[in-house]
Amino acid sequence: MSATVRDVPITAAAIRGEFPLLTNTAGGDRPLIYLDTGATAQKPQAVIDKITECYEHFNANVHRGVHPLHERITAELEASRKKIAAFLNTRPLDELDLLDDVSEIIFTSGTTMGINLVAQSWGRQFLKPGDEILLNPLEHHANIVPWQMIAAATGAKIVWCPLTADGRFDLDQFDKLLSRRTKMVAVTAMSNVLGTLPPVGEIVRRAHAVGAKVLIDAAQSAPHAPIDVQAWDADFAVFSGHKLYGPTGIGVLYGKLELLDEMGPFLGGGNMIDEVFDDHSTYKRPPFKFEAGTLPIAEAIALGTAIDCVQAWGWDVIHRQEQALLEACHERLEVIPGVTIYGPSVAHKGAIVSFTVEGIPAHDLGTSLAQRGIAVRASHHCAKPLHKCLGVDATTRASFAAYNTLAEVDALAEAIVNTQQMFFRRRG
Amino acid sequence: MSDRLDDIYDDHILDHFESPYHKGHLPCPSCAHSERNPICGDQLTLELQIADGKVQQAFFDGKGCAISQAAASMLCEHVEGRAVEELRNMPAKQMLDILNVPLTPSRQKCGLLGFKVLKTMLYSLDEPPAEPAK
Amino acid sequence: MSATVRDVPITAAAIRGEFPLLTNTAGGDRPLIYLDTGATAQKPQAVIDKITECYEHFNANVHRGVHPLHERITAELEASRKKIAAFLNTRPLDELDLLDDVSEIIFTSGTTMGINLVAQSWGRQFLKPGDEILLNPLEHHANIVPWQMIAAATGAKIVWCPLTADGRFDLDQFDKLLSRRTKMVAVTAMSNVLGTLPPVGEIVRRAHAVGAKVLIDAAQSAPHAPIDVQAWDADFAVFSGHKLYGPTGIGVLYGKLELLDEMGPFLGGGNMIDEVFDDHSTYKRPPFKFEAGTLPIAEAIALGTAIDCVQAWGWDVIHRQEQALLEACHERLEVIPGVTIYGPSVAHKGAIVSFTVEGIPAHDLGTSLAQRGIAVRASHHCAKPLHKCLGVDATTRASFAAYNTLAEVDALAEAIVNTQQMFFRRRG
Amino acid sequence: MSDRLDDIYDDHILDHFESPYHKGHLPCPSCAHSERNPICGDQLTLELQIADGKVQQAFFDGKGCAISQAAASMLCEHVEGRAVEELRNMPAKQMLDILNVPLTPSRQKCGLLGFKVLKTMLYSLDEPPAEPAK
């Protein structure tokens, strides 16, 4: 099992060994070079095995029965919730809240769902015409469109905080735009295109000074660095299981209990009600108020296993390997003529490298890299406003995890050069 | 996990379920509070007569499973004559010890329903004693 | 593999053999008697294996890349969508819609999510003060609370259509309540408590006659009988994967294309947008408009496998076995003194038996049955309005699938009698 | 599934990408229509000059990947001189045959973008020819 405590730090090579897909050869005889972790991470064997175990050994619905099967699945789910709470460093709850099974950890179907939940439940209740929601161009569509929708519904306004020239979060501009009208600042902890790492704690501090709430989109940062909701003092934080080496179909919303208690529900249905009358219902406390219907049960449990894995690997090892990959990638790509890398320097970003190659449309570059066994993503990466700032329609993105190797970075650089030779073969 | 649940309906539990202690209402309670176990629908009201920092009398009313109702009955017996301060510090474990039958986590919720009502009530009592001369 | 065509019809015993959990002994040395399929179904090996295959052989995000891995996962997902469309007997689409990848099948996280989607997206657009939403007490909270919420938001009104004395849908009452004010009829195809089978096609016909739309909650019926959206002429239909032998975290919303095209989106985020501007966005066509963010990918694919299984077993075999179980259960329980079975006679219901035993609270009965190895559910079954009609707080429910055996029905009856002996041991 | 994609950037595709046929605009087209491939952002406008039930001239404009742009260029070549009725019945497969390179499903979307624009335009032409004498 991967999730046990080790005396000696694990190596990146050993981490890689835990991922069955990376040792398979997908789509032919070439080994897979997976540089698309930013879209979704590969899954360690322990996570896959946990899903199988759920379905083969204790599959039942949760919070609903008294058979040992029911008791077991509910215990597994709630153990996962506690693991996640510890992973996010949530504060301890008091005795009465614990007796009520209250938690600040809400299971969702993913980051997108979590942000929509906050935008709708918190937004409909607290946003008025003239209120401002502060966004910046680093945001993924998941952290833009829900705010546009609730702004349209409530009369609130979207305000955009421009970036620095090198694609970093601009605290000076932020200060200028913050005001008593600012009610929500929604910000990513890591750009899924540029790798930019906005100073989340500082953003929260300044936003709170004007009375605004802050939602942190940790979807992209979660696999790369700790989330500490107490240190950040975040009001809300969201991430997806599938990017954190866990299954698809599961995500997490953290919210401060007092905020969650104030908010109305998002989805209506089973398990979230206290009482159902003919024309209205009353609701349970968080997390259940926000967990209508049958949860992604096996997925939530296996997400706990993914977190066990990350903690067994350790942030140190993860960070060191990813940093090495990032530096190597910048070094190798910067010397290729025609290649432009977007965003801040290596010192100010996480393990994502988005680039264009002059004369080769991103989509064609993606296909050519695929021909050479390399999986990257070539598109607007669900960040159209950012690409408008960059002045390009699409970029090609290589995103790394600790399971990647330096040899894979070399292969990427070589494949780019080969693609140029192929594409421009008829030129002088 | 074991399924040795056979002992949970022992005579003690069934006695309290069928002939509960102080089921009913106090004429003028110092405090009263109701809660429900939203999963199984158990309902419970607890009423306390408090004087000199002590619970003088405790009554409960409610409906639901044998565990929740027997536990409430036992809890009423237990709290009478005890200091509010002592009860405020009573841990959940002690309530489960009073029940003294092996409850699975979901049935513990039934066993602790009365305890939860008691705790909620005692915590909300906090303010009055703090400002006695108003 | 279970999903291949057979010459000889499969037997119920062979179906049972496909479910690993039913051959395990959960929670001790007693074999598991699983009579809680109404809460969630057990999973055949083929479904579990498909999830593993996804994660071990072609895990990637969908609709986003050009590597063979991306192509494969997208092809698997879209193949599953087509299987579901065929399973629901949706109508063929025209050439342009096909070129647009349009579909009437939307992946959701479950039934609850599907109903909330319709209530919010369709409801906010089309409900006005004074409009009526027609419900009946058979409905699950998932088909009540979302309508209460949108009624409160729009000024529409919930109207309740009473049941017949034996718990059937009352078409006469329905006719009386239908009017030009009726805008939505939300009705279950099978009660999750009484097993009642409302005459869905006839309900749609009468509702359409006054211009109302109809949403069919097929969550409970899906594993037991075909869904035919064309024969029903349903406007919307929803079900959950986990009740149809598939994984948790996945569900399906069917909607008529012209309705889906008219409706605004529900969740905002990646993949559902066409263009993102500073203050608003434009959206894709269905299904993508309603599929914001990363889908439950492995779950959607494995749901396709679950449907393969159901079709390999065949509705005939399923129906015959379930009917035998239902009849046996009624026969055995009706003769036990103190037992009351709720709802219509065997001829008018599916394989669900909800009952009370005089003097034994439902929750205690559930525990006692669990002691005897039997998993049932004892509660209000997320149907409080129905239990109010029945005049009881909770019932104990045995729900069957074709994998159950007549011996299990015998064990249930025996365990009830044993519980009575245990509970009343001190009485005369 | 094979990853033999090496042949997709053959000389024919690169020729059309680098020196497209009829890229630009018609002075007064009979009809024009634009679409985008929302996945990769390819953009394409097609303009047709129709007379006597035939496409007399076809121009395209747009930006995006080599496949979508080369395919549009080839499509313009293909449609000129052909009857509207014939084109209305043109199957997607024929467009892929014209391209004549092995496209994966996701790249077929690029290869068929121009074709989709053409079809949308031809279907919406339906009414005018049906009611000629207005």
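To keep things simple, chains are lettered A, B, C and D as they appear, and every chain counts its residues starting from 1.
As a convention for this text, a residue touches a chain if its C-beta (ideal position, glycine included) is under 8 Å from a C-beta of that chain, and two chains touch if they have at least 3 such contacts.
For clarity, every value in this text was computed on a predicted model and none was experimentally measured.
Chemist: From subunit C, which chain is the farthest off, judged by mean CA positions?
Modeler: D
Chemist: With chain centres taken as the means of their Cα atoms, state the distance from subunit A to subunit D in Å.
Modeler: 38
Chemist: When the centre of a chain is set as the mean of its C-alpha atoms, what distance in Å lies between subunit A and subunit B?
Modeler: The separation of the two C-alpha centroids amounts to 44 Å.
Chemist: Hunt down the residues of subunit B that sit against at least two other chains at once, touch-wise.
Modeler: Subunit B, residues with two or more chain partners: 1-3, 39, 104, 107.
Chemist: Find every residue in subunit C that makes contact with two or more other chains and list them.
Modeler: As it turns out, subunit C has residues touching two or more other chains at 27-28, 64-66, 68, 70-72, 273, 275, 363, 367, 370, 378-379.
Chemist: What are the touching chain pairs in this one?
Modeler: A-B, A-C, A-D, B-C, C-D
Chemist: Can you tell me which positions in subunit B touch subunit A when the two form their complex?
Modeler: Spelled out, the residues of subunit B in touch with subunit A are 1-3, 36, 38-39, 92, 104-107, 112, 115-116, 119-120, 123.
Chemist: Using the touch rule from the top, collect the residues of subunit A that touch subunit D in their complex.
Modeler: 27-28, 30, 361-364, 367-368, 370-371, 373, 378-380, 393-394, 422-423, 426
Chemist: Provide the residue numbers of subunit C that touch subunit A in the complex, in ascending order.
Modeler: Where subunit C meets subunit A, its residues are 20-21, 24, 26-28, 32, 34, 36, 39-40, 42-43, 47-48, 51-52, 55-61, 64-72, 109-113, 115-116, 119, 140-142, 144-146, 148-149, 151-152, 157-158, 160, 240, 242, 247-250, 265, 267-273, 275-276, 278-281, 292-299, 363, 366-367, 369-370, 374-379, 382, 384-385.
Chemist: Which of the residues in subunit A come into contact with subunit B in the complex?
Modeler: Against subunit B, subunit A makes touches at 63-66, 68, 70-72, 74-75, 95-96, 99-100, 273-275, 284.
Chemist: Can you name the residues of subunit D that touch subunit A in the complex?
Modeler: It comes out as residues 1-3, 5-6, 8-9, 11, 14, 39-42, 63-67, 104, 107, 110.
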